[in-house]
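Quick one: the structure is below, questions incoming.
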Amino acid sequence: MSEMICITCPLGCHLSIQRISETEISVTGNRCSRGETYAKEELLFPKRVVTTTCRAVGLPAGAQAASLYAPRRVPVRTADAFPKEKIPELLKLAANLEVTLPVRRGEVLVRDALGTGIDLVATRTISCGEPS
Amino acid sequence: MTDRTGRYDVAIIGAGVCGANIARKLSQYELKVALLEKEIDVSLGTSKANSGIVHGGFHDNKKYLKARLELKGALMFERLHDELDFPFERCGIVVVALHEDELRTIEQLYLQGVENGVIGIEMCSRERMLELEPKLSSDTVGGLYAPSGGIVEPYRFVFSLVESARKNGVDLVTEFAAALARREGDDWIITALDGREIRAKYVVNSAGLFADTLSKAFGAEDFAIKPRKGEYYLLDKMTKAKPNRVIFPVPTAVSKGMLIIPTVEGTVLIGPTASAVEDKEDFSTTRVELEKILQSARTMIPSISETDVITSFAGLRPVCGEDFIIELSAKAPHLVQVAAIQSPGLTASPAIGEYVKDLLKKDGLRLVEKPDWDPCVEKVRRARDLSPWELDEMVAKDPAYGDIVCRCERVSEAEIVKAIRAGHTTLDGIKYVTRAQMGRCQGGFCTYKIIKILMRETGMGYEEVTKRGGGSYVLRGEL
Amino acid sequence: MKQLKFDAAVIGGGAAGMSAAAELRSRGCSALVIEREEELGGILMQCIHNGFGLIEFNEELSGPEFAQKIEERAVASGIEALCGTTVLEIRQEGGFHVVYGVSSRHGVVRVEAKAVVLAMGCRERNRGNIRIPGSRPSGVYTAGLAQRLVNIDGYIPGKDVVIIGSGDIGLIMARRLSWSGCKIHGVVEILPYPSGLTRNIVQCLEDFGIPLYLSHLTTNIRGKDRVQGVEITPVENGAVRYDKSFEIPCDTVLLSVGLVPENELSRNLGVEINPATNGPWVDSRLMTNIPGVFACGNVLHVHDLVDYVAEEARRAGAFAADWLAGASPQRELRLKTGSNVRYLNPSKVDPDRENKIYLRSMVVKNGAVLEARIDGRVVKSIKKAHVQPSEMLFLTLGPKDLAEPDQRTASQSAQVEIAIV
């Protein structure tokens, strides 16, 4: 028997979970069916959208001087929720990744990250040009 | 500068407001002068955290040296303000009586002020007080008005004095924590904690809270400086409770009480408390004392609101007896003691500079005026003081005036760069010179920009950036 | 001095400013966005976590994605923008609003505008605002400053962190720093319940085993040069139990203790401020007491979701366009906060059209009812499964709800009271 709070909506139902087998659980305390779905996914296949940053490289020499505050990091995220147990490995991968500017929002930086079928994509367009 | 083997005529230990005034005064003469400071920048001790008042000359009797120097010093500020670059305003001081029995003290202060020759001092009825300061409590029964009282930004005053002194040849040596002294021939050899040495014929001990241990290091007088903590709240410029003049309560036997100060830069300072502490490096604020500040201030101006508070801080007064100790040491040769400079030390400090110069002369120091002494420093144009037209002209000359780094206090990149180039290479140093990070967001928006400007200007790595030197590093890693 | 003329000047180029300007453009008005940073987007650019855009774009986006999508829309509508430009002052000169801004590129720019939309956003409350005593070492940051340093500049402010306040930015930073190799030793919240979303409590704290100290006050920050620890003290039945204080050693303190609308420009212009929101009082058109000056987004009141900022800003843009076209409401009814309601925005409604009203609850409650009443008569009621102070609520009131059944009582002085029961 374990407990968790459903985060699907702000109601925050307190769920009680009974484990039946490796792949089966029973859920009580939920006020709607989404609570059960949430508990099952969270207990059996927990996933998170991972957002982090990668190093931006290849900024032309002059561009640095043009804006002292230009981003040194490129924000990235997984295109879909990512298996929780593989997050540390993914973070390492992202930390070692260098992204050459310019970069476009939505650009796939790592396809099929760690064999999950989920891509790592840039979430910000960063050009090298003069700002408007 | 630090590896200089040459001998100084005078070494001044402690770059607070006294040391800075003495240094600037001595820079007028053909002398080699060193100003030694244990911190990474000047004015980081008692001179940073105080009320910034040019007092009205009515609190103390002329039998005290501190009263005589206060009266003299107070009159010197206009000229200093003309020559140097620091905010100063003679906004006036009122002392507010909230009970009938306080009026007797008001009368005594008035008579003392008249006796001291204070210009324009007057006794005020309730009506007169409320006309001068409409925000005062309706409990006001009367008070005192001294129009000659004023306000300064104390650290800016010190920075400017030191800049002027350096411009005229004084060597500033920071992070020099004077620890030992010995005689070698006719000279003093002063050794810092890190082993560096400075040789000087005359020494001025203006070490503030540490003047007692320093005196002992020179084998001079044995006295004890006790720190007395004063805590303050700083209120947003937008506060509705801002008075026109400095508001004093009726003083008690031990303290001038907690004030409400409209600072030159538009914020409002309330405090200080007064509590004896042991640790001379304990600048922490405490819940109990901070509570007292709001309570006390509200008795005088009830509309003071805690939602206007943007920061709190504490300073330490160097207390030893009732009066200043400014004299030639009777025990150690060629040593001038400048100790126990608590209130009205800031007001008196320009006169202390003169007084110490005279003491040195009496002790045989030859004073020959420099023909080329320049009393003036560059007055840095500040974006916040300029009209849109003036600012436009400044940006045309220096585009960095157009990049406003600190939005709350409207500080441009140009001002920050000037501060860094003048040697203020910590976040606090830049803050006190320029006001960036000092406003209502307290650096929330501009700190990262200042870090980047600092790294660009000095070539520092991120790990070398500190708040105020020592171990006060700001960043601990890079992704 | 460079001189420009626009129908509308929009102060601030975040989600609010860009959305308001785009709406003005789509209604045929010229609009200039003035932004102090080098790029449009505002604070969203450092909010690299996801969770934005579900309402506005029907997908979950990160902050930069949301901002750039809004920007693309605005650019497509033909807005103009002056970036790297700090507004110095807004004045009234000869029947116009005149905005003075400065940048290193153009010097001072004077913008003459018939209408002004205030969209400056908000700032974080800091240590001084919540008056935490103690020493003043380095290592004390607002969560947003830390977020900027980590997410855009790539610097780690510290390794052993305590977060004060359980606002969403603090929770998000707990996860961000945990993912960056830092240890978060606790989140301290004075209230008995967290200020942030439950989702963030689960995904940003529980995922990492970070302790949440509810009903605890931070009573001291210790450390001479760099932070060495914070003292926290339980609050029991409203009493601060100093006898039970304890210290958490750390080298870094992040503050996530609320946001304040940035209205200094507005105040200097003479805009009247509602003390309940710290934002301007606005009428049914989101117009301040100064004719032609509108407000939207976090400068008006702090929103929980940026999607609502964009929605509100679009309305502000539309109202500004109407005002520029000379339209004004026939009459307005005043809105009044009833029980359990902290504030309402706007503070007036136009009974001749649909009005959207944002509000905040003062209480946590399951099974609440949002009620609008005129003279005690309930004109609209909406069931809410759950309300809490950290979550914005809204309702719409239209001509049907606001029609007077009795012509005799239909007067200018009629008030609509909104309550949570």
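Per-chain numbering from 1; labels A, B and C assigned in written order.
In the analysis below, a contact is a pair of C-beta atoms (placed from the backbone, for glycine too) under 8 Å apart; a residue touches a chain by one contact, two chains touch by 3 or more.
What you see is a predicted model; the values in this text were computed from it and never measured.
*Asks:* Which chain is most central here if centres come from C-alpha coordinates alone?
*Replies:* Chain closest to the assembly's C-alpha mean: C.
*Asks:* Look at the interfaces A-C and A-B and say which one is made up of more C-beta pairs in contact.
*Replies:* A-C
*Asks:* Centre to centre, using CA atoms, which chain is the farthest one from chain B?
*Replies:* A
*Asks:* Please work out the Cα centroid separation of chain B and chain C, and write it as a whole number of Å.
*Replies:* 39
*Asks:* So what's the Cα centroid distance for chain A and chain C, whole Å?
*Replies:* It comes to 25 Å between the two C-alpha centres.
*Asks:* Determine the centre-to-centre distance between chain A and chain B, using the mean Cα coordinates as centres, and give it in whole Å.
*Replies:* Computed value for the inter-centroid distance: 52 Å.
*Asks:* Counting only residues that touch at least 2 other chains, which ones in chain B make the list?
*Replies:* Each of 448, 452, 479 in chain B touches at least two other chains.
*Asks:* Which chain A residues reach two or more other chains?
*Replies:* Residues 53, 55, 69, 73 of chain A touch two or more partner chains.
*Asks:* Chain C: which residues touch two or more other chains?
*Replies:* Each of 84, 150, 153-154 in chain C touches at least two other chains.
*Asks:* Which residues of chain A touch chain B in the complex?
*Replies:* 53, 55, 68-69, 73, 95
*Asks:* Residues of chain C touching chain A in their complex?
*Replies:* Residue list for chain C touching chain A: 37-40, 45, 48-50, 60-62, 64-65, 68, 81, 83-84, 150-154, 179, 197-199, 201-203, 207, 366, 385-386, 388, 391.
*Asks:* Touching residues of chain A toward chain C in the complex: what are they?
*Replies:* 4-5, 7, 9-12, 48-53, 55, 67, 69-73, 75, 77, 84, 87, 91, 105, 123-125, 131-132
*Asks:* Note which residues of chain B are touching chain A in the complex, please.
*Replies:* Interface residues on the chain B side: 448-449, 452-453, 456, 479.
*Asks:* Considering only the defined contacts, which chain C positions touch chain B in the complex?
*Replies:* Residue positions touching the partner: 1, 36, 84, 86, 88-89, 100, 102-108, 110, 123-124, 126-129, 131, 133-139, 141-142, 144-145, 148-150, 153-159, 180-181, 219-220, 222, 224-226, 251-252, 264, 267.
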